[in-house]
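Structures for review follow.
Each of the next two complexes has chain A plus one more chain, namely chain B in the first and chain C in the second.
Let's look at the complex of A and B:
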């Protein structure tokens, strides 16, 4: 199956010697990354659906730049604009203290710094779609947040997909010592046709740094594969917020490696899906050293003929004593045609730890519904109130007031589209 | 020497209590696995043609299958050609009463602490003892037969009640189900058969003891339990094996069929030889256990205490086909030294208003790896189903591992499923509390571990509960720092 993808072509056009080597090594190991496919994609057989779209377009794509410009929010916020995997400097606005470049344009010194992130710890050895991204991506966007920089306002990363085939986006983020940055990533499609977007990121958090990362996935027709790989050094903090809504097949891989002591990682996710939507969240937290904390909470509302998949893995290595790791996944099923597949997985080799996971699949509490209805609130409205209360566990974790309001409104409008009866 | 080291040393120096072997005259099949062996086993057991054909079909399927590799186990390569597939104490004549049983054999049972006579008199347990594949003596048969209960060895059932065996054999665990059940279907030697007629409540606990005695004999027993409408039975299984250096293969199949309103309770205490402190030897235990709640309102309950075997691969499961049926799984799995266990359950909800409960307690010590693997599946038509799962792990020392792999697949909106799991060590405050009240550390640990496992232990029938508690405290003696 892999042979038919003609991946060699993407390698042959690569100019950078090191990147070319990385690509050809990935191709050599691609059989290895297929080994886990059967288990990891048990409920999301993405490969079959996308195999005919995996190649990249040769011809340069035409797109209506004015149309894209009009869909970029007109405000002074910092933003990084990417079209079909290629960075558009002229449309972007970057704060000082943040350096954005294509990998190929970096100086040798900077390339050296990015080596540990780019080509360091992504999951292309284990995941077939990450492998394909590694081989097929045209350029890697590098984002470097300099030492001791505190960027209060969030930076939006907006991806436009025009291709009717597939688009590959690759970025590498380096957050240096004692810095803080917040990203909000969005994917927008400008075509009505079904396409496949594949995004892989590596994020390196140096000592004492902090990251907030929001991703909002509101595709209508796309297949979307998104892999985020995080490497944390001592005393660093990362917060991930993932919101997925209806209309597409989405697969999220979020892999966090807590390499040093005293790391802190939070992962929050919410999904509300209907029709034939399919959301698959796969997360991994690997505790390598002492005194780290990881906290994971995913919640979802599944309606229509949609399917919600969750797989959370927590590894606690032998050295990682005094680890605290929590994981929980709650689902509400609103339809008999909807499905939930969840697998919260723990693997622990250290004894002095506190680890727990929990997961539930169920419905709204009938007593609560009855209480609201007995006070004159119509059923639909009452259901909506209870569902937004269900989601508030996740949204309340957003520290930024404006952003929280934004997501709350988004969820509310999404919930109105659901069919409760 | 640090405290942990000291404890480890004490812990690992514990010899296997049941490690002995008695030399009977053994009738053993030549080493190897081929069609002739399958025919030989069938012939030795004087089986009818349909059963031979069933075995042969399973064997031809087995040749096409591959060993499963999905488990979280490190299984050394097993040479299936290097095992003798049949071993039976030589039959001298038909035994009419217990007095005719080989005194050596009775001694064997006494060593195991299950003296047939003693049990007959005191506990009222009917024991069908299986040593190396052939059922030797069955007690209380007359009393049971008065009620119409059939409790006998599998080979006897094939002879005496072929229609029942033919009707139910392979209906819950089809021969092609998995690699090991397929092997079992081809070469199974003996086992127990139990049939409870309509509306009968079995007045005593039925019990069977398995022992793997001859060296290098894989034991492949097959158990079939049929509970007809409205009946009840509690079935106990205990296993021990003497110390042998080479690994012995054990691939059993247990099938339970529960009709309308029937209830079956199946309890296991397994303390097969786990290998020595360096992980050498020990039993490989690859067991397929499955029950079907065929009729409405039926119930199947599995309880297991697993302290033995070098490798355990075992998932007692329930298919909840009848409406309102109930499946339960209670498990304590203890691993020490280099033991590996990958065990859990499957609850397949098919009928409406079906309920299942999973309580799994894992305890790992030494260099062992202990995994829970479970699957809860509620299909679309299983409206209003309910599952609750709890799997806790206790780690003693930092060289062992505890793993949890729960699969939860839900396909309708009226069902509720909850799963929770925790992993921790014994709380220092708990130990402190005990010490403060004059209980020494070892006893404190035994107390805490027994308390931890109590939810499962209390499910066991009295006789087993005592044995299991003793086993737990013994295995864990001095294992926490």
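Let's look at the complex of A and C:
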């Protein structure tokens, strides 16, 4: 199936020598990533659904820039605007201490710094869609947060998909020593047609740095593949918050490598799946060294005819003594034909570790529903109160009050559209 | 106000109520007593509209309306209140927010405008005093980690907030110490008026010293087998339920 994609074309037009090499190596190895496809995409046959959209469209895209501008929030907040994978400096607003460049525009020194992030640890060896992203992406956006910088206000990253075929987004983020930054990423479609967006981001957290990362996926009928690969050095902290709502099919990979001692990673996720859509979260945490903590909690609500998939892998390497790794996934199914496949996978080589994992799949609590209704609250409101309470374990992890409110409201409005029978 | 005629109800094909009759008029207090498993809580749930029960025969009229077609929330808005024998714990929802939604739903159905934050707080303060319940408890998740007594007090607090026409108190006295019992009874008595009515389900005559009933009924095997005045409760306490069985 890969043969038919004609990926060589994407390689031949690449100008950067090193990137070209990376692309052609990836193409050579693509058979390897195809091999794991069957197992990793067992419940999410994304390839079948998007094969005819995978190729990049050569014809110059024209889009209604005014329409795009109108959907960019008109406030003074920091923002990074990307259209079909290309960075739009004139629409963006960047705080000082943060450098944004196309990879191809970087100095040789800076290229060297990004080498590791950009080409070191994406998951394209194992994941077919990351491989295709590596080969097909037009431009890698590099974001560098300089040393000892503390950016209090969040930076929004807004990605627009215009193509009716596919859009490739590629980012490489470097957070230097003792810095703090918060990103809130969103993907928006500006066409009414079904499209395919494919995004790969590599994030490198240097010693003692901290990252908050919010990802909000709220499509209507898009196919979306998203892979985030994180590499953490000593004493660094990462907090990921992934909120997925409708969309034809969404696949998220979140892979975190805790390379050194004393790293901390939190992964929180919430999904509300309706309109026969499909949301798949695959996560991996790899504890490589001592004394690190990972903590993962995903919760979801699935309506009839829709499906949720959760797969969480935890690796604890032999050297990683005194690791704490926690994982849980809880689901509420709103009807008999709603489906969830949830699977924790632990592989532990060290002996002095604390690990726990658990998953639940259940229905709405009928006793609680009757209790609320017996006080005069109609069934629909009562259900929505219970479901938003269910989500509160996840939203309460958002420290920023405004952002938490934003997500709580988003969830409430999403719950209103759910079908309970 | 309430008229139950020949009520038969079952759950999962088990017959529990087997031809029950009961008439409650405004201003009255009725006590229902009876052995464990006789169907007291079932009766309370059926009146409140729990859908797990099938009403196979008979009917319930409330304020001259047939109840059978009404959902639990509609019944509540008509003025029926059930204080649960086992109040449910609901993590993630505070009693305060819950009550605000409930009170405003009830107001809406009466065509009244919703209470704003200040008005609501005022109402809440007033009713909190009545049952001596602390604000801190009400900002926590509904009943989560509450002691038995706190849960029962929360039920009466909710009753006070909603000001129902018919209150059914299902063993609200069980597990209460004497001080809590006084507080709860005092709350109930304060809310009593000539326009509303109360049904108390209890195992203990003790409660009836505080909430004095006009009628006492004995429910056995899904039917009311004996009715009398408050002296019947004393007699039951003394002689037990076997005494009735023998007499029948």
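Definition applied: the second predicted complex is superposed on the first by the 420 of 421 C-alpha atoms of A that agree within 3 Å, B and C clash if a C-alpha of one lies under 4 Å from a C-alpha of the other, contacts with A are read in each partner's own complex, and residues count from 1 in each chain.
The definition used in the following text is that a contact is a pair of C-beta atoms (placed from the backbone, for glycine too) under 8 Å apart; a residue touches a chain by one contact, two chains touch by 3 or more.
Computed from a predicted structure; not experimentally measured.
Overlaying the two complexes via chain A leaves chain B and chain C side by side, clear of any clash.
When both complexes are overlaid on chain A, the residue A:76 reaches neither chain B nor chain C.
Contacts of A:350 after superposition: chain B is touched, whereas chain C is not reached. Contacts of A:390 after superposition on the shared chain: chain C is touched, whereas chain B is not.
By the document's definition of touching, of the two partners only chain C reaches A:373; chain B does not.
By the document's definition of touching, of the two partners only chain C reaches A:381; chain B does not.
Of the two partner chains placed by superposition, A:401 touches none, neither chain B nor chain C. By the touch criterion defined above, A:335 lies against chain B but remains apart from chain C after alignment on the C-alpha atoms of chain A. With both complexes superposed, B is the one of chain B and chain C in contact with more chain A residues. Per the superposed model, the minimal spacing between any CA atom of chain B and any CA atom of chain C is 13 Å. Counting contacts as defined above, no chain A residue meets chain B in one complex and chain C in the other. Residues 365-368, 370-379, 381-382, 385-386, 388-390, 392-393 of chain A are the ones touching chain C in the complex.
Listing the residues of chain A that touch chain B in their complex gives 39, 318, 321, 331, 333-363. On the side of chain C, the complex with chain A involves touching residues 48-52, 71-73, 75-77, 81-82, 84, 87-88, 90-93, 98-99, 101-102, 105-106, 109, 141-142, 158, 162. Partner chain A is touched in their complex by these residues of chain B: 70, 380, 393, 395-425.
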